[in-house]
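Listed after this line are the structures, all set down as structure tokens.
After this come two complexes, each holding chain A, first together with chain B and then together with chain C.
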Partner chain A sequence: MSTPGFSNDPDATAADYQNPLPWLERLSPAALLDWLRNAVWTGDARPVLTPNSAATATHLANLFKDASTELNIRLRSVLPTLVREWGHRDPSEALDALLVLTGILRCAAAEKDIGRLTVERLNGVRQEIPLRQRCLSVLAGIGGEPQTIEIFKSYLLKIDYTALCYRALFSLDRQYAAGQFHAIVDVYGESGKSDNLNLMLRALLYRQLTPEEHPGALGQVLEQTPLSQLEKVLRILKTVGIMLLRYEKELMVEYLYSDPVAGWTMGTTATTLNTAHWERERSERIIQESERLFLFSADVRESWQRSLTAGSTGAERPL
Partner chain B sequence: MIEAVRQKLLERREVLARLQQRFAEARIELVSQLTGVKTHFAVDAVEISDYVLRRYNEGTFSFSLDDDPDETQLRHSLSLAHLFNSPSPRLYLLPQYAIEVWGFVRWQQGKFPTPSEFCRQALERLQELDAEYKQSLAAIVDKDGALSLDKVRDLVGLVKSEEFGPLCVAVGEFVQSKKYGETLQRLLETGKVSHRLELILDQYGIPLTDLRLPTPREVEAVFKQFPPKVREHNPEQKQADSRAILTLRNLNHLLKEKEENARVVLITRDQAILDAMNDLAGQVWFGWPDAPEHCHGIETIFVYLLMRGLPTVVEAGVNADGSSSRQAVQAMSAWLDEAADRLENRQQAILAVLERLAESQTHSERSGKTGRLSQRLLASRHTSPEAFADLAQAGEYVLAETSRLWDEHGKLQLSQALPQTPWVREEFLATAESEHEWLRQTGLAEFGASRRDYDLLRKLWEFLSTDSYRRLADREAASVWEEMNNQWFGLILHGVLSEENIALVIREVGQKLAPQTFARQITKSWNAVLMSPVRFSEQHFRKLIDDLQTWNPQQTQRLHDISREFNRVLAEGMIERKAENFLFLAYVFGLLNLWSVALEVAEESRKLLSHPGQSHFSLEIRYFIALARRRLAEADPDLAQAIQGYLLAFREIVPVVNARPSEARYLKEKGSIVLLYHEAKHRLGGVRPAEIEEEEEAQLGGVAHAKELLQRALQLAQDDRRLRLKTLNRLAYAEVWSDAPALEVAEAYLRRVVEEFKAAARNDAPDTPLGGWPNIRDTWVMVRAMRARAEGNTQALDACIRTLKAISPQHIVNVLEREVAEELKAQGRPLLRELQEADLAYIGELSEAERQVLANHIELLEHWRREAASGLFQ
Partner chain C sequence: MTFQDWLTQLLADQHGRIWWRKLEFDVEAGNLESARSEEFQQEVEARLPSELAPLALAQRVLADPQTNFDLRGRRVPQGKCTYSRVIDADTFAAYHVAWEVTGEPLNEQTGAHLWEGLGKHITSDHYDLTREFRTLRGFFWCTTVEELKKLMVGTNAADRVRDALGLLGVNAGTRLLRVDVPTPDDHTILAPTALDQAVNTAFMPCADADGRGWTLHLRTLERGVSEVIVKKIKLTRDFLVARIGEVTTPCPSLNLDRIEKMVEEMLARLRTKP
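Our next item is the complex of A and B:
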């Protein structure tokens, strides 16, 4: 029996408590499995001391950053087993910890197990939604299997998971995601969570994607949006500071505001969308909407004036 | 040659059509100013980009008749400088064009480096320079420009070297792009250009949200108005233009719906937009028939700029809001009318003449026969087919001259306008200065441009503002303007007249039928008073000719209108050859007493009749031809020829009278012809000329028949006092030539003449001149002379001869007129102005025919005097 409050392994020495990594390196795979199970299920990770049981997973993950490759390999091999072991009667905190570790350690071997878990074993459990969100989040980081993509697709239009699934799909299957943009706009709208949509888009556009990727991404979204939904989509884009301008044959991305941190600046970007293969009505509707926005949105017109006259960014440039 | 000239004209036709449109647009603005309509101007994005990029040589600028790139560039640049620098009004950007400017700026950004990029590039290039050059450059900095000759030579070597180019290009690009940016910024920051349409709508309390943007369906429909070539060349641009057109329409509709006295007009250099607006105006679905009035070409701005230099406009000045006084607007309007007249109508007419020549030539080549027009030309003025080339050369000369004179006039007018528009001058000098500065910075000044050039330019502009220049330019502009007239008239007449008649017209009328000159001439013409009206079918001719009182000062305006209509018909007559148009021309030539010309044109009218037959109009043509022939015969001093002329006139009038035996004018004409024939025959010794068959003379009938015709005419002319007077006079005169002259009868007719005058005098507005009728006076003298002859009274005959010799407009008040004057006095009415002016100067020149008649009568009376003196009748 281990001594509560001291160690779950009788072999650990005081030095192991000070630096538990060598102790962990010495564990056999089976022993590592036991130790991790115990740590995750009970919160007792001795000789690793955690500030509290809720933070065990993060603490361990930080510790493992300095672990040897061998230990990391062993950890990645045991994590799927533990995920499989988790049942709906087990503490949800345990699963959450396992998922955090899986994600941080990028344990791709657990992908299928997490996928199955997401779909089959979380229904009705306490903390079902946060757990599934955690699962999807981890899958977004490690996933790439067709089954995983299907999972994202199946949860995309459920408002609690939309943001996660959409951003994941934007990486995994951009074509599909672009085609669903208008649909998720509806989902947010129907749920009365438009602010969340704005946040999700800002995260997607300005953190997940670089400005250089914007034309391609926006091009796909706009190309696949049904014509009837196009205006709505363009208005949503305007809420995150993006407008499309037509000049001669080019459709250009125009930023209405500056965000130097995110690396995008009003009035300096002249990226263009490839619209050569678009049907004309699509281009026309985009142009029409940009005209509408220009005429009736004071902020758009202010941006226009600022970007063409001596504004904060325009001044240093000639034309 | 003809083909080349024709081709040139065809090309020019398009330019003219555009220019004409611009004049019309300028006129619309003038009318708006007069009627108090507030006009807001919007500009196409292309005008902004042209202006900021100093791009003046793209597209077309239709002002010059011949393509001269330098002139075109100058005019375009001046127009833009005026548009974007005049203190008023503000220029608006429709949302489509605002976005286009936005896109344009973004596109430009891709072309020019940022300042930091520029510095990096320039430094990199500098680093790559040869060490020697670097040393020399360093010396400039170190020694503050004071360099040794060797160093200077080194730097000149640098300038000449290949290394200098890239350095300059970088500097050049930077300076240029900076300048563009600054220009646009100035326009926006000063508010000269604004994208805020609410600034318009707020003035009328209309919320911006009421403005409707076009639907895709509407856009598609407007897009289709552009010609396929234009659409395919730049579909995106034309779609933007389509949306702009619809937004402009909606904006104007909104102002109209709210019953605001305001409009928004778009200014563009894009002819395709202007054409589309014209086409759309006629389409019901578009719902904007006034569309063309709301879109102006950039040339209209140039026209406005020119008109700023008109003396009246300079004197009256321009209001702070850019509007002009009524007087200035009228002066501008008159100039526009003149310009349109000088250019469009005449060019079209010349084109038509040449086209017909070419057709005629082609026809003769194909058929081996000479065409009708060619025949006439060959017969009348040319002796060989080379004549075609001569005419074409003349056409080409006129074309070139018109073009040159128009350009000269434009330049002179412009030089007058520039001192009135200092912003244009400043803009140009600033541009020149910055160009000079740039050249100096880059060292390119070494290659030609210098400070001196700039100074010379400034001096020139300053000179244009001086009074001495203004006076000289005023005179020059007017003289050039006038000279333009002199070029076309002769050529245009080639399509209608023989060479002799062309010469006659040019000699008598001058180079144009100016309204004032025409009115002055006609008001004093007895020929015009005596001329019977022709009954036209077309309403606009009837309005001008029916009840025409040429002597009546109150109808001066009508005379002006007749001369304008004459000019129009003459020009259009070359294009659309209609019988009635030609008869109108003939009638006016008749009024002008140019009867040979009138006859030739009337003959042309007859040839153009589609259904000669016995129609009312064909009778009028024949009647007029008979009249013309009779007038020509009357004026002919050769009696044998005169007799021939009367006979020809008779042949014309007979079928006319047969067809309409109850038309007083026809009967009177036939009676006159017969009577005059017998007079001439009598003077020839009473022998039938050999050329005339007995049978034909028998058809004419004798003087008795003439009297019969005249009496019938008198009975039928109940509603035409002038016709009655003329007929009574003829009847009195007929007694002179009767086989059994009845002097009492003649005197009775003359009494009736007096009664007619008295009756006319009773009207406040007499329907006939109350005195001075030389033919009546002549008859009166002739009747007296007959009595004197019968009595063998040589003294009386002498008196008659003296009277006849004295008959002139200056010696007018005879017995008859005195009676009329007394009648007026008896009524207690003051003498009419015409009679108060004793010499009745308002009726002037005797026509050639009248002079000839008088000469004939004087000769006759002198013959009688000799007979009386010899006691033959005693």
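Our next item is the complex of A and C:
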């Protein structure tokens, strides 16, 4: 049954409204571009109807998960074009929707265009910061190009973007990220956002990194931290449930972190920090500071555990 | 091209006819002031001739932020109660979680990440408090917490919720969340009208005394649950988010002929009422 009153495309049928994917599969690249532009700019994606429980971009992204390889290839050529088309006078919501779609579909073909947008085209735009955050979060999901890594480095010490850039860099250039740890601690401190540092570090340590990666990553951080900043860095690690212990001549990492499902867990990692190639002064200083900060009696450890329970995930709060 | 020409074309199409009859019902039942349909006519006329198909033009007029057809209904729910919005996890994750705080990338895993972490490492601390809770229009759709909770009992809760709430287009694999929305006493909450629903066929107008609308059950085409629209509002940490479940069945197809007949009958009953 033809439904000319309901669609801009006279070929769309009632069946297409029930299952729009075959209709989308039939679109030429040019028609797909027009349709997607209209969908993203106005929210009118007919014959795809967005349910009241969804946003257009997320609904479309879910629909495309079941699309053919051919349609996905066409989409990946269309999305960067639309990113390039977006201009200062266009609605920021349209760009946001486009970025959501690009991110969920992990459209790597748009990486360079999103990078250019992030650096060059968002200055002075309404919603500049949220849009740049969106760009960086999409780049963090798809990015790996050297230019993208440079973008993360250039925004790392701007507090609105620090978490996104730091976690991306921890994946893409860990040595660099580890060397910047003390610097981002300062950025959070100066912005009065230490709570946010805590949330970011917990996500980085306990969900991005595997337990096996911890000693290596912590070693990289401690190795590159200026000696004058060591105490500050160790104190920050303590707030996210990490302490360093001296065991004979070795440094061990012990974790005390929350897992509301399993309950509070505390365990000592089996691996030690590899400090063999550190300069002697650094090893001694870390051991000295660690003993001062982390040498607990049972009472102190219990109180530390309580303070972490109260202040970390807020699991008792409404969800 | 005149408005009458446009209307003739609209009525030649089943979707257009269904929508127009619902609008007529709302005006004749007093759910909308007649001035609203006159305003709508003026807005359509101002855009004629148009390359857009008739219902596409109607949709464009209603969604245009300059035209202000949001929340124009006259029926206000009686009595205080808490409302809940059903939203899919991908949408909540993309728009209402402040991933820039934890530094999470946005990709195909984001919805699943929220789903798995909700109530564990993702809490109200992670809400994005800067964004408004809304749809493309300046409001969002809700039912009562009480009714939603009843639907959530037992297995396949997400399928039951999808069908009862008339969430056309929600397919297997979609993870549904319930968001209980605390609203101030003076916040605008209304029964929806045909101007609010626009082209969504899974909607029925009504003139019930309780001041609420009701959803169209996707399988039975009978009354689902009560339904209101709530003016857009900033998310706060007091919003309660909980998992409903993952939809396991394809979305049912709507029988448009039956829906059209239902609307015609409702309109006829209204017109023959003394």
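Annotations
The rule we apply is simple: the second predicted complex is superposed on the first by the 272 of 319 C-alpha atoms of A that agree within 3 Å, B and C clash if a C-alpha of one lies under 4 Å from a C-alpha of the other, contacts with A are read in each partner's own complex, and residues count from 1 in each chain.
As a working rule, contacts are C-beta pairs under 8 Å (C-beta built on N, C-alpha and C of every residue); 3 or more make two chains touch, one makes a residue touch a chain.
Here the structure is a predicted model, which is why all the values come from computation and not from measurement.
Set side by side, chain B and chain C differ in how many residues of chain A they touch, and the one touching more is C. When the two complexes are overlaid on their common chain A, residue A:148 makes contact with neither chain B nor chain C.
In the superposed model, A:225 makes contact with neither chain B nor chain C. Of the two partner chains placed around the shared chain by superposition, chain B is the only one that A:287 touches, whereas chain C remains out of contact.
By the touch criterion defined above, A:55 lies against chain C but remains apart from chain B after alignment on the C-alpha atoms of chain A. Of the two partner chains, chain B is the only one that A:250 touches; chain C does not reach it. With both structures placed on the common chain, the touch criterion links A:180 to neither chain B nor chain C.
Under the contact criterion defined above, the residues of chain A that touch both chain B in one complex and chain C in the other are 317-319. Listing the residues of chain A that touch chain C in their complex gives 1, 3-8, 14, 18, 42-44, 46, 48-59, 61-62, 65, 99-100, 103-106, 130, 133-134, 136-138, 140-142, 160-168, 196, 199-200, 202-204, 206-207, 258-261, 313-315, 317-319.
Residues 52, 95-96, 98-110, 112, 114-116, 174, 177-178, 180-181, 184-185, 188-189, 195-197, 208-209, 211, 213-214, 216, 219, 234-237, 239-240, 243 of chain B are the ones touching chain A in the complex.
The touching residues of chain A, when paired with chain B in their complex, are 245-250, 252, 254, 268, 270, 280-281, 283-285, 287-288, 290-292, 294-296, 301, 304-305, 307-310, 316-319. If you check the complex, the residues on chain C that touch chain A are 9-10, 12-16, 51-56, 59-60, 63, 85-88, 90-91, 94-95, 99-108, 110-111, 118-121, 123-126, 130, 135-136, 140-141, 165, 167-171, 173-174, 176, 199-201, 237-242, 251, 253-254, 256.
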